[in-house]
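Next come the structures, one after another.
Below are two complexes that have chain A in common, paired first with chain B and then with chain C.
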Partner chain A sequence: MGKNAIEIEELEYSYGRNQVLKGVNLRVPAGSIFGFLGRNGAGKTTTIKLLLGLFRPDAGTCRVKELDSQINPIIVRRTVGYMAEDQQMYGWMRIEQIIKWVASFYPNWDEDFTSRLLEMLELPSKSKVKTLSKGQNSRLALLLALGHRPEVVILDDPTLGLDPIARKDFLRHVIDLLQSNGVTVFFSSHLLYEIEPVADHVAILDKGVIIKSAKTEQLRESIRKFIFTPKQQADFSSVPGILDLLTSGDNVSVTLEDCDEQKRAAIRRLSANGIQETALNLDEIFEVYVIGNRAKGKRE
Partner chain B sequence: MIRPLIWKEWHEQRWKLAFGTVMLASCTWSALAARMATDSEVIIAAWIFGALVLSWYSAMGVFAPEIAAKTITFLSSKPVGSWKVFFCKWFFGWLNFAVPTLVCCLGLAVSVLARPQGRYFNIEFIARGTCVAICVGTVFYTMTCCLAPRKSGEALTGFVGLMILLAMFIHTFLLEFAFFQVNALVKFGFFGKIAFFVNPLSGINFIEPSREFSSACLYFAEQIVLLLLCLWLGIRKWQRSS
Partner chain C sequence: MPIYRQIIDQISYQVAAGVLKEGDKVPSVRELAAKLAVNQNTILKVYNELCRANVLRIERGDGTYVSSGKQTIAAAQRKKTVSNVLREAAVRAVHLDVSLEQAKELLETEYQAIKSARNKSE
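Right, the complex of A and B next:
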C-alpha cells in the first residue's frame, strides 16, 4: 500500500470551552476506502474541516498527501474532492453553470470525465439546483467533488437525509466510480451498514478520541461475543479485553476484543457448561465500543 | 481564482444594486422636481438614505444569507483563500450602496452644471457631501457586517446595525453637546479631537468648507483605522464560520 494518504497526529480542537477533539491520531493508507465512524457530535465533521484547513487546530497536525493542511490549505483543497454533509449549493445556478463555476477553481478539471459523470448520474444539466431532489442533489455534489479527478476523496455523511433506495443508489455510484481507480476514500458516517460493504479500514471516533482503528476484516475476526451460564462467584476481571458484559437471567453475554485462544480458555473456565461463540457485524462492533458496558469483576 | 467569485457575487447582488440605484435616483429626482423641500434638504436626505439606510440593508445581505443557507461550507471548501472570498463579498455589498449614492450625486452635479442659477447648491457642496456620505456609509456598512455575531442571520445583523447607529447618534449628541457647551475639544486638545472624530457621523462637519485641513486628515485617518480593524475582525469571523 505504501504511504499514507492522510495522517493526523495529536489533533486537538475546541469550540470555545467545549473540547471536541482530544488528541486524535489517524493514518489512512493510500488507495483504501476508510470508514470514519462516530455518533452525531463525535467530532467527525470537525476533523474533516481541520483536514481541509478550514479551521486552525489548538494542537496537532493534519497532512493530506504529505501536505500540511495548515501550511498549504489551498493545495490540499485542490488535491482533495470534498463532499459535505447535507451539502447546500447555490439554488439559482443551473447544473451546467455550477459545474462550470466549480471547474474554474481547479486547473486540472476534467471536462470529458465530468460529461460522462453527468450522463452516468442522470443529472439534467439545464435544471436549476433548487429544483433537484435530495438524491439528485447528492449526486451533483459527488460529481462536483470528483470532476478534478482527486487522489483523495472525503465524503462527510454523504447520504444524510436520503431515503434507503436513494442511499443504495448513491453508494453504488460511489463504489463504481472510486473503487476501481485507486482513489483514497475517507468516508465519514454514523450509518454503519452503509460503510460495512465498502470500507476496507475503519476508525471509531468517540468523545474526541479514536477508540479503535483497524482493517474491517481484522476487526470482524478479532471481536467475539460469548454467551454462557457462568459459574457461581465467576471473576470476570481475570479475562482481559472485555468490551461489553450483559446479564440476562442465568446467562451472560461477554464481548471480547483481540480474541485469541488464551481468552477463549479464560472464558471456558468461567462457564458452568457450554459456550456459544458468535461474530459481530460492524454495527454491533461500533455499539460495544461506544456504549459497551465494560464493568468487570465479580458477578453478583 | 477570483473571477468565479466575482461572477457569483455579481449574479447574486446585481438586482439589489439595480433596485437601490433606481430607487434612490427616482426618489431624489421626484423630490427635486416636485419641490417638496429645499434642494439642499433633498440632497442631504439622499446622502442619509445612501449612507445609512442602503448601507444597513446591504450589510444584512452580504454574509448572513450565505451562512443561513449553509452554502458557506461549499464555498469555503473551494481552493481559494478565505480572505479573497471575504473581500469579494464585502466589495459587492459595498457597491450596493456606494453606486446608488454616486449615481444620484452625479445626476445632481449634471443638473447643477446644466442650470447653475436654478439650484441652491454647488458642485463643491455635492462633491464634499458625497465623499462624506460614502465614507460614513463604508464604515457603518463594514461595522454592521463585521461586528454581527458569527453565524447570525439577516435579522440579527440588522439589529446589530441599528445598535451601532444608535451608539453613533448618542456619541454625536454627547460630543456635539460637549463641544458646543463645554468646549471639551479645546479642553482635552488632541485627545478630544480623537474622541470626536472616531465617530463616522462626525464627517458631517466637513460638508461645509469651514473646518481646517488637519481635522479632516485626522477624521479620515481614524475612519481608515476603524475600517481596517472591522475588516480584520470580519475576516476572522468569516474563517471561523466555515
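Right, the complex of A and C next:
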C-alpha cells in the first residue's frame, strides 16, 4: 500500500466553455488531516466529485488508495466516506430509517459502530430528518459517511452554516473518531481559522490550480514578512520567492516564500539599517498567495 | 501566536500557579486534542516541548504527569526564555507610555499573585 491515500495528477475539468480545473496536482498522505482551501468557486467541490468518480475528467487521473476513480468508481466509493456540501437527506424518513436505508448500499456496514455513533453524536433515532436542527443534520450526515468504517473520509465544507460552538463540536468529533483511528481526512473549507488548529497539511486551490501544498507547521515557519527601509536602488529581483511587496513611505514590507538563512541574508543586504521580521497567520498566508496569484495573472 | 505556543503557555501557567500539582496526571494526547479540537500532532508537540522544559514527564505506556520541576535546562537558557517575553512587554510599555517603575510594579504584582496561588494550593 502506498504512502498516499489520495493522488491527483494533472486533473482538468470544464463546465461547458468554463474551465474550472486546469491541471490540479495533489498528494494526500495516509493518516493525515488534510485541509483543502480555496475561495468560493475555486473548484473544491468539482475536485471532490471527480475524486469520487461522479464526473468524468477532461484530462488527468485521480486515485484513492491506489484505485483509479474512473476505472473503479464503485470500489472507490465503498472505500470512502463522503459528506457532501449541504447534504440533502429525505425529510420524511426517521433517523433510524435513513440509517437502515444507507446501510443497504454497503456490504461492510458496521451496525454496532453506528449505534455507538448515534449515542455519541446525541441523535434522536425516532425523530424525522426534517425536524432536525442544522447541527443535528450535519452530525447525521457525518454518521452516514462513517457507518461503513471508511479508511478515507472526504468532507466537503462540513461545517457550512453551523454556529461557532457547533463547528468546534463537530471538529472535536472528527479528531476523536477519525484521527485517533488513523483514518485519512480530506476536508474542504474556506474558513481558515477553522482549518488551522485541525489540519496537519493544507493545500490552496486557486483559479483551477494548486498554488501551494505543505505541512501547516512548515507553511507557517517558512513564510516571513520583513519590514525595513531599503537602500537607494535596492534590487528586489535579486531575491527569489517574493510573494508580496508593499511600499509605504520610506519603508517596504516584503513577504517571502520558503524563507531560509540565505534569503534572510539577501534581504538584509537590501536594507539601509534595521530589519523587522514577523510570521504570518494562515489567513494572511492565504491572502498573500491568492492575491499574489491574481496580480501575477494580470501581468502575464 | 501559533496554537501550540498558546497551549504551552496555558499549561505552564497552571503548573506555575499550582492548579496542576506535581504527580498530577494530565489528559492523554487524544483526550486533550478532542477537547480543544486541535490536531493530535499539535498536542504531541506541546507535551514534548514541556517535557524538555521539565514541566511534564512522559511515562511510556502509562501517561503524562506533572514533573517535579527540577531544572534540567541551563540557567542561561531559562533566562533567555524569560527575557524574550519581557522584551515584548517592554515594547508595549514604551508604546503605551507606562513608566519603568510602573512596569516593574506590574511584574511584581503578577509574580506575587502566582506565588501566593501556588502556596495556597499546597
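Convention: the second predicted complex is superposed on the first by the 290 of 300 C-alpha atoms of A that agree within 3 Å, B and C clash if a C-alpha of one lies under 4 Å from a C-alpha of the other, contacts with A are read in each partner's own complex, and residues count from 1 in each chain.
One rule holds in what follows: a contact is a pair of C-beta atoms (placed from the backbone, for glycine too) under 8 Å apart; a residue touches a chain by one contact, two chains touch by 3 or more.
These figures come from a predicted structure and were not determined experimentally.
Enquirer: Overlaying on chain A: chain B and chain C, fit or clash?
Expert: fit
Enquirer: If you stack the two complexes on chain A, which partner ends up touching A:Arg78: first (chain B), second (chain C), both, or neither?
Expert: first
Enquirer: After lining up the shared chain so the two structures overlap, which partner does A:Trp101 touch, if you call chain B first and chain C second: first, second, both or neither?
Expert: Once the two structures are laid over each other on A, A:Trp101 reaches chain B alone.
Enquirer: Who does A:Trp109 touch here: chain B (first), chain C (second), both, or neither?
Expert: Touch status of A:Trp109: no partner.
Enquirer: With the two structures laid over each other on chain A, which partner does A:Glu196 touch: chain B (first), chain C (second), both, or neither?
Expert: second
Enquirer: Look at A:Arg172 in the shared chain and tell me whether it touches chain B only, chain C only, both, or neither; answer first, second, both or neither.
Expert: It touches chain C, and chain B stays clear.
Enquirer: Rounded to the nearest angstrom, what is the minimum C-alpha distance from chain B to chain C in the superposition?
Expert: 27
Enquirer: Residue overlap on chain A between the chain B contact set and the chain C contact set?
Expert: In chain A, nothing is touched by chain B and also by chain C.
Enquirer: In the complex of these two chains, what residues of chain A are touching chain C?
Expert: It is residues 33, 168-169, 171-172, 175-176, 179-180, 196-200, 217, 220, 279 of chain A that touch chain C.
Enquirer: With touch defined as at the start, can you tell me which chain A residues reach chain B in the complex?
Expert: 49, 52, 54-55, 74-75, 77-78, 82, 84, 86-90, 92, 101-102, 104-106
Enquirer: Flag every residue of chain B that touches chain A in the complex, lowest number first.
Expert: So the residues of chain B touching chain A come out as 1, 3-4, 7-8, 11-12, 69-71, 73-74, 76-81, 239-240, 242.
Enquirer: Along chain C, where are the residues that touch chain A in the complex?
Expert: Residues in contact with chain A: 2-3, 30, 33-42.
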